[in-house]
Structures are given as structure tokens and as C-alpha cells.
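Report on the following structure.
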Amino acid sequence: MQQEMVSKKYDIIAIGRACLDLNAVEYNRPMEETLTFSKYVGGSPANIVIGGAKLGLKVGFIGKIPDDQHGRFIQKYMADAGVDTSNMVTDQEGHKAGLAFTEIKSPEECSILMYREGVADLYLRPEEVNEDYIKEAKALLVSGTALAQSPSREAVFQAIQYAKKHGVEIIFELDYRGYTWKSVYETAIYYTLVAEQANVIIGTRDEFDVMENRKGDNATTVEHLFKHRARLIVIKHGVEGSYAYTKSGETHRGTAYKSKVLKTFGAGDSYAAAFLYALLSGKNIDTALKYASASAAIVVSKHSSSEAMPTVAEIEALIQANE
Amino acid sequence: MQQEMVSKKYDIIAIGRACLDLNAVEYNRPMEETLTFSKYVGGSPANIVIGGAKLGLKVGFIGKIPDDQHGRFIQKYMADAGVDTSNMVTDQEGHKAGLAFTEIKSPEECSILMYREGVADLYLRPEEVNEDYIKEAKALLVSGTALAQSPSREAVFQAIQYAKKHGVEIIFELDYRGYTWKSVYETAIYYTLVAEQANVIIGTRDEFDVMENRKGDNATTVEHLFKHRARLIVIKHGVEGSYAYTKSGETHRGTAYKSKVLKTFGAGDSYAAAFLYALLSGKNIDTALKYASASAAIVVSKHSSSEAMPTVAEIEALIQANE
Amino acid sequence: MQQEMVSKKYDIIAIGRACLDLNAVEYNRPMEETLTFSKYVGGSPANIVIGGAKLGLKVGFIGKIPDDQHGRFIQKYMADAGVDTSNMVTDQEGHKAGLAFTEIKSPEECSILMYREGVADLYLRPEEVNEDYIKEAKALLVSGTALAQSPSREAVFQAIQYAKKHGVEIIFELDYRGYTWKSVYETAIYYTLVAEQANVIIGTRDEFDVMENRKGDNATTVEHLFKHRARLIVIKHGVEGSYAYTKSGETHRGTAYKSKVLKTFGAGDSYAAAFLYALLSGKNIDTALKYASASAAIVVSKHSSSEAMPTVAEIEALIQANE
Amino acid sequence: MQQEMVSKKYDIIAIGRACLDLNAVEYNRPMEETLTFSKYVGGSPANIVIGGAKLGLKVGFIGKIPDDQHGRFIQKYMADAGVDTSNMVTDQEGHKAGLAFTEIKSPEECSILMYREGVADLYLRPEEVNEDYIKEAKALLVSGTALAQSPSREAVFQAIQYAKKHGVEIIFELDYRGYTWKSVYETAIYYTLVAEQANVIIGTRDEFDVMENRKGDNATTVEHLFKHRARLIVIKHGVEGSYAYTKSGETHRGTAYKSKVLKTFGAGDSYAAAFLYALLSGKNIDTALKYASASAAIVVSKHSSSEAMPTVAEIEALIQANE
């Protein structure tokens, strides 16, 4: 993420899942009473690169999609959004796209009904990860959910080994989804193995607690991680705002922007997209935290996650309005 | 299906899957270009009992549904349609509802994108099948797809043993879906084991071929099955119409009714519902074949399968119009 | 088993497992203190055909053996013993031979430590069962344990369909081993499905209870089975002797012979071998029961099961000595 | 392994498998012709701690054993040999002990028939690894085979995290067994993840090639590993001897001792036991390599692996005889 990397072809390449969101068309009611669903691309790392592309970053994606109508829709949508999809692999074993049916009972009461059994994204194999592709990125963004099962887990470790070999920064978005994991011990072990190799780590306090398999505190968390390869750690505390810690010892605080919340989905992904965009554009950490909060505030006021990703102009307008 | 059974509480109890259909709202195009889907109850045996209830039959259902919004929707929809759902079991292990995304490119070119991995209906266990419930039915309708995996397969065999014990007729709707089965040999074996115990067997010629694991002919098929417990066998030949064979040696031919076809889904289920309704109402086989064809013709002209099931009046009107 | 079958090439073809027994060389002690084990062929249906061959029957075997030293030993041992092994299939997927480590603490306290995880015999597939081979047998002997898992379960049903098609008698040896089964309901269902198609059924009272999934009695058991295809049912009650029931209504009682018991393994297999030998040789049921008891008495006094199978002379000598 | 650690309760705690070897009593022939087998404790890490205990090291073992006669034999044998077994967990899910039937056709032609399906050792869970126990060791010895499957793989990573936290040295014995692994990519990934955290790494050149997933050379291998936490790397080249590389840049060569070879099994384990004993006793690397070679030479001349582990006196006598 420094100047000497400027010549790289991609700012960020993400690895993980690209799925479908099926969002209730009729909302503010239980899903049982919803009869129509709108289809969007979803999945945290997919959302982040789509958001990044919309902000002007050069982004690519490594993942596995099904050989069916949903898979083709995902690839086309992402390509149209400006994401390089040359390294998205088409599954040949009948696996399906992950699905997230969203239920919006009220802004405070949202839930997701997930289809994650035998989904294509978790079948990406290590030998399908391309060393030359990763080499061309400034940063590799790893989504924690991709660690939940083999062989996707090994594909991520393979990507990390390539990234380290070629001096590509590793960004770890914890992105924890309990339903995909077999045990809390397993999660803690693999999250720790990746976090100790990552340069930038972003997650909610709850997600860091999952990684540590205990109720922890920020001071202890960052002290441990800065002993390894981390240089920047962002810990989000919901409406109370977020903290960015640097290896050099600084702490930066970001505050959440008020917005008319429709639903809570997609907030974290839009946060990460804008935060990384700001950093890669050379803005300082305080500014990056503002971009992140503004981006999250915009997405939660809209119906979708991927489609709703804001432009730089929208973000800056919101920041301006709140200064 | 005879007079002495008149005192039974249910005309038909079906065992098998109750799932969701997600039908393309925008059709006559590839699914990749469909952005909205409508939700309906689906699954062959569920459709048949919903259709039967609409025609006035007393029907019940044995199956397993997920403990989520989709499961609750399915149960409520079926109960509202007049199906007894007291023996639908709620899954406690996180299994999901089967999904069928339908694609209607043109009336001739329809396809289905299925989600059948780890679905609740295939996890019905034999000990969850209630002997006293089956005893109260004139007929038990078995859907072939319920044989595809354990423990649903064993639940079906359990239901069949109860039916035989209590003199309940066994209707076998072949309902073959290739994607759920591991091998053609396995299908042939279990289809044969059930067909040899069934009193009424209904399927397409292709489905009977699957059962025999060879390209067969009606004469040989019925000769074999009449050596066992069958008394009535219906073999459907698509637009060429269908044949009903009786143990006593009669052959009845049914012809297909012309209709403005929107899609081909649901034709078989509406056929079976109307055919069984007619038989149970004391109509003769030729009339039952007309009801079946008329019912199928009506459903293929509409957008859904379950919701589109016709009334007796609609069926009789179509028959009238074609006499 | 009648005269008209005399022209058949085989008296009995068995389907099921052929495994290894590893018998404690030092016995009358816990297995923890045993340091040496002797290797024998084992597995109920293998033992029965080996025993049958020794008595002069023409026997064959359908089963799957591993592609390793144990598999080759099993095949050679059986061939040398006079069993036709032309239809034993060699596994190509790395499955292993089942193992039974026997522990003989005292004649009354014997136990077996089984290795049955991923064993080759349970991977026999229906398409590996040869119709022409079964056609050449007077009787097909089905071992209940072969029903425990797919695809072996389906291979058995395939064999039964061929047997029925060609008028080959079906002998069902219940041979129940709890550790291979997932649930008592599953066992009851498949045992019943096979028993209702079998002509001769042999098992202990405990095994019939497993089949009925309740504590039952002989009268009810035979009443039910004689409604299907059974003509002869043998129910063993341990030291109290055994009962043979015929469809025509006769009951025959067999008494156990006293012997110096070394261990209890192998008694049932030697019983079945001698009983079937006697029947196929035209002896009456009372005599067949004597042969069975004598054969069992001889095997329990020796160290192995397969290797210890007696000759006709040995059996007749024991009978003589007890008249 | 330095002076300041002298106060620790254990010199080495190993984590991994403790299994059974079933060695042909009659050898110099194919296993098909072997009729008797002798039972020994086996498994690389179990052999190493047994060997270490015999040499006077204070050793402990972390692993999972079955709740059966084999499991009890293993635990008692190891305890009697002087290994602390307080952290060996008894499996409660019916898993069995791994088995290795050894075939000795000639000293040059030895092979092993493995039973590794569903074995207890691979079911050790991370939450069964005790932090306080590992803290008490100078070194944690990790066997590569324990990485082959979940949850044993995660148990190893958990143990490594504890070892790093408490300054316990990590010794990685590559111990690669192809049959337990699903893919070469997976092996390479997990071997690399552990090797980059280990302080001492021991393996054959072939095993290092597996770790690198290519035909590599020692210079490149050690250059990479010394960038991480390694301080000592031993690469064995069979009869050509072995090389020990130190972080400070030294290379030490060990030569193989001649001996009357009976079989090749157990050589690597006895090598590791004696090498680590010598290092922990303060001997220099050249001497440690001699101890290792002598120990290996003694074991290959005997029938078993664990039971044959030599004493210090035997090792020193062989070294003396060859000076």
C-alpha cells in the first residue's frame, strides 16, 4: 500500500465467496409473508471488491462459482461492475451458489436465512490459486469465512504463501459467520494462524473475541498481533464507532454517521471498501475512518448490499454534511 | 379405494417432500436475466395433496420441514389449502427447504435449478412415521424421490409396511429426479422394491425405463408388475397421451388436451391429483383419464404449480369444451 | 432345494463378507496380554460356504475383497477350500479387509474387537453382481450384515431380484452385528424387506427380535413370515436348542450337543453349513437339525471358525456317540 | 533445549499417533504366507518417546487411544516404558487403533499394510490439548502425520500455539505417510505452516520435497526455513548419510553405520530419539548425528521398532566399534 507498489496491476485482489442475496421485496414483515425476492450478488469479499471498483480501485477476485445460471449471473455482474474475474473458477462438481434470503422485519430486526451446504465457494482448491495473479496485486484481501472448510481453507493458505513470497500485503477481514464452522476451537485456531501472517486486520470486537476464543479487550488483542506481521488493526464497536491501531503505537477513533437505517446488512463490507480505498488513495487514517463510516451509513439506508455501494462523491457529500 | 373404506378419515396421505418453488417473475428469458422470483410451495407429493384438497379430497401429508421461515411458510400454506399437516415433522438439525428456481425461456425450453443438498425432506426418519396416522387413510401416496437417500428412504419403507399391515392401498408416483440419486442401479433397485408392493403405479414411460434400468415397453412392464400387488398402472407418453392398465387385462387410453402452454412444470402433479380424485369419487377409468389430462392442461398454462391447481368446475369446463 | 434343481452347477452361492479373524494364540486371558495372533479367513457367509465345501457341497461366493495381501490370502484360502471364487470382486478404491481380533478370557467370556470401518465387503456394488452366476445356483444365501450399508445393501437386493427371476431359492441368515448398523429402525426395515422375499430364514431368537424391533415370540414371527414367501424358518435359542417351522405347520425341535467349549465363535456358521448340507442331501428336518447341532458343537471346541469346520464323518461320529 | 530450561518437568512431549504394529512372525516371505503376527506399540511419535525414555529422557505423550483392548495395551506399554501417559485421551466415539501389518520379504523388500480409516489418533480435538502440560516441556515434538486430518490437525496447531506462548521449543518430525493425505497440495500447505513455526526440523530429503511440493535441494530448503523460526535442520539422505544445518551457517554431516539389516521399519524413529537425546544431554551436533546413526543401525537389525529401541550403552558400544 506504499508508493513503490504503484506499478502493480491491481490494488486489491480478494479471495473468498461470491454468492446471491435474495432480498425480500415486501419488507417490514416476517419472511413467511414475503412472496417476492430480488436477486443481487452478495458475499462479503465480493461486496468489498464491487464497492472498491465503484470507488475507482483496480480490483480482482479469486473464487469458485457454480456452472449454472446463478454462477453466470454472479460473474457477469461482477465483471460489469469493474471487477477482474479472470481468476474466478467454474465448479465442475455440481456445487451451487450460496444463498442469503434476507428478512427485514424492522431496521432493528433483520435476519438472514442462509444456504451454505455444499456451496461452490468452499470448494476452491489450492492448485486453482494462481501465483502470478496474486503477484500483480498491492494487497490480498482474505475473508475469514473462506477458512471455514476444506479445500477453500487450503486455497486461502496457498494464496497467503504466494502473497508473502511476493511482498503482497495481506488484509484479513474477519467476516465471521458462525453457521459455517464446526467448532469455536477450530475457528480460533485458523483465525489466529491467518491473523499472525496478516498486515492489516479488520473486524468487529465480537469477531476478535471469536478469534481469541474468549471475551477480550483491544489492548491485549493489538499487543499480541503487533508481535507478528500486523501494521494496522481496525476494531469496530458498532454504533460506538471504531478504533484503528498502528504498530507505531497510535490509536485513531472513528465515529458512526447517523442515517435512516433500512436494514443492517452490508454495513461491514461497505465500511471495508471505503476504508481501503481511502488508504490506497494516500489519505490518512482519520480520513479513512470517516470514509468507512460514511460508506456504511449509505448502504444501510438502501435495499441491497452490492448494488448500493456508494461512489466517492456520495461518501464525500455525507462527510461534508456532517462536518 | 373401494366403498368399504368410506369410513376412513383421509382419502390420501402422501409421503415425501414439500419444498419451495422460486418462479421467475420476468420470464421468456434466461434466468441470468431474471431479477425477481415469486415464492410458491412445491414438490411433487405436496402439489398432489394441495391439488387433491382443492378438488375436495380429504388429504394429509407426512414429511419433514426446516425450522425456519421457509418451513413455516410451507406448513401454513398447505394447512390453509386444506391439507392436514399434523404429521409434518420439524427438523432439528439445521436442514433447509429444497428450492427449485424455475427458468422459462420459452414454453418449449424450461429448466429448473435445484437446491437439494442437505434438504430437510430427505431427513425424515422411520421412527417419525406414525402407524396410527397411516391407518386412517384409504391410500398412501409414495413419491419416488423420497427413496433417493437415507433416512427418508427407510421412512418410506416403514410407511409402506404400516400401509400393508392395515390394508391401506399404496399408490406409487414414480416422480424420478435424476440429480438426487447416486446411481441408476440404486434407483432401479428401490423403485422395483416399492413397485412390487404398490397397488397403483403412475409414471411416464421414461420413469418406468429408469425403474427397469433399460429401454422397456408397456406390455412387459405391466406383465411383471401384475405378478405382484399392482391392480392399476398408468404410463404416460407426453403429448401422445397416456395408458391405464388394469390387472383384469383392460387397457384405457387418455388423450392430452390442447392448451396455451406457458411452461411444462407441474403437469404431472396436477394429472395425478385429478386422476386420483376422479377414481376416489367413483368415476370410471376413462373419465379419470380425462380429468387428469384436463387438470394438466390447465396448470401448464399458468405461472405456478401448487397455486394453479384447478377446481372441479374448471376441469369439467375444459372437458366439456372438448367433447 | 428339490430334485428338479439337480442340474444346477452350484448348491449354494453366498453373498456377503469374507474377512480375517485374528485369533489370540495365547488365550484364557484378556486380549491386552495377548502378544500373538493367528490369521484365519472369517465372516459368517464365508465360513458357511467353506464349511459347506468341506461337507461336499458345490459352493460359490459373491463378495468384494481388498487389493492387498489380506485380500489375496482370503481368495486363495477359499479357493483352496473348494469354494468357487470367480465372482469375488477386487476392490479398486483402497478399502481394507474387515478384521476380527478375538479375545478368549474363558469359554463363557469371549469377545471380538472388530475393524469394520471402510471395509471392502460393504463396497460391493449392484452392477458387480452377475445374473448368470446366480442363475446357476440352487440357493442364494444372504447374510444380514451385507445389508448394513450402501452399496452392499443394494448389491444384495440386486442378487435377490435375480434369484427370484430365475427361481433360485433365497436363504436368509440373519447374522446380525449391531456395530455395523446406524439405527435399530433401519435394521428392522431391511431385515423385514429381505425376510419377506426369502424361502428359508435362519437366526437366533434375538436376531428375529431385532428384525421385528420388539421382544417377540416364535408363533407370531412364523405366522407373519409364512404369509410371504417363506417355507422353512429356523429359530435358535442357544443351549435350549432350536426350532424349525415349516409352512405346512410342522414344528421340529433340535437339541444342542454337549462339548468341551473353547470359545463360542463360529457356532452359528457351522450350524448353518451342516443344516443346509443335510437338507440339500435329502435328509429330513430332524436329521438336519442334528447335523447342525453336531457341527456347532465341534467348532466351539476348536481354536478357529473356518479352519475348524468339520467333515461329514466327524459330524456323524458325534451324532452316533450321542444317540 | 538450553540450560535455563533445566527445571522443566519433561524433556520432550510428543503429539501424534500411538498405534499397533502387527509384525510377521514368519518372515522372508510374502504376507499372504504369514499366519502369525506379533503385536507391538507403533507409530512414529510413540516410538520416539519410547526410545527417548529408554535413553533416560523424561518424556510425555499427547494423543488419543481407543476405548478397547488395543488402546489399553498401548497406554500400559508406554507407561511401563517410562512415558508419561497422563495426557493420552481415551476416545469415546468408537474409533479404533491404527494398525500396521508389516511384511518382510527380504531386507530390501519391506512393506506395510496400513489400517488408518477412522483411527482414534486422528480424532484428538484441540480442546483436549492441555496448555499447562505443554508448558512443562523443554520441547514439543510434532509428527507430520498428525496434520493429515481434522480434528487432529487443529489439535496440533493448538499445541503449537501453546508451545510458542510458553517458550517451548518446537521439533517437527516430518514423518510423511502418503496414504493418510487427500492431496499433495494440502500436505505442502500444512507442512509449510508448521515448519515456519518450528525450531528444529527433521526429515528425509523426500519428505522435504513433499513439503515444498517439488524436487528441491538442501541449500534452498534451509535458506527459506532459516528466515522463519528454525535454528537446526536435519535432512536425511538414506545410506548416503544425513546433514544437519544450523542457523549460524554450519553444516554437519553424519554417516550411516553398517549393520545386518532385517527390515527398514523404525530406522527414522530410533534416529530421532537418539539424536534428540544427545542434543538434550549437551553433546555437540557431530556426536548427536553419530548417536542417531548408531541407534538406527541397531533397530533395523531387530524384529520390532518400539521394543527394539536401544540403550545408551548399546549405542555407545556401536559407535566405539566403528571409530
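A few remarks follow.
All chains are identified by letter, namely A, B, C and D, in their written order; residue positions are counted from 1 within each chain.
The definition used in the following text is that a contact is a pair of C-beta atoms (placed from the backbone, for glycine too) under 8 Å apart; a residue touches a chain by one contact, two chains touch by 3 or more.
All of these numbers come straight from a predicted model, not from anything done at the bench.
For chain D, the chain with the farthest CA centroid is B.
Interface comparison, B-C versus C-D: the higher number of contacting C-beta pairs is recorded for C-D. In terms of residue-numbered contacts, A-B and C-D present the same interface, as over half of their contact pairs agree; the other options in B-C, C-D or A-D do not. Taking each chain's centre as the average of its CA atoms, chain A and chain C sit 60 Å apart.
Centres computed as Cα averages put chain B at a distance of 41 Å from chain C. Mean C-alpha position of chain C lies 44 Å from that of chain D. Counting partner chains per residue, chain D has no residue touching two or more of them.
Viewed as a network of touching protein chains, the structure reduces to one closed ring of chains, two contacts apiece.
By the touch rule above, chain C contacts chain D in their complex via residues 22, 25, 30-32, 34-39, 68-70, 72-73, 76, 94, 96, 99, 101, 103, 113, 115, 117-118, 179. Across the complex, chain D meets chain A through its residues 125-127, 150-151, 154, 157-158, 161, 182-183, 185-186, 189-190, 192-193.
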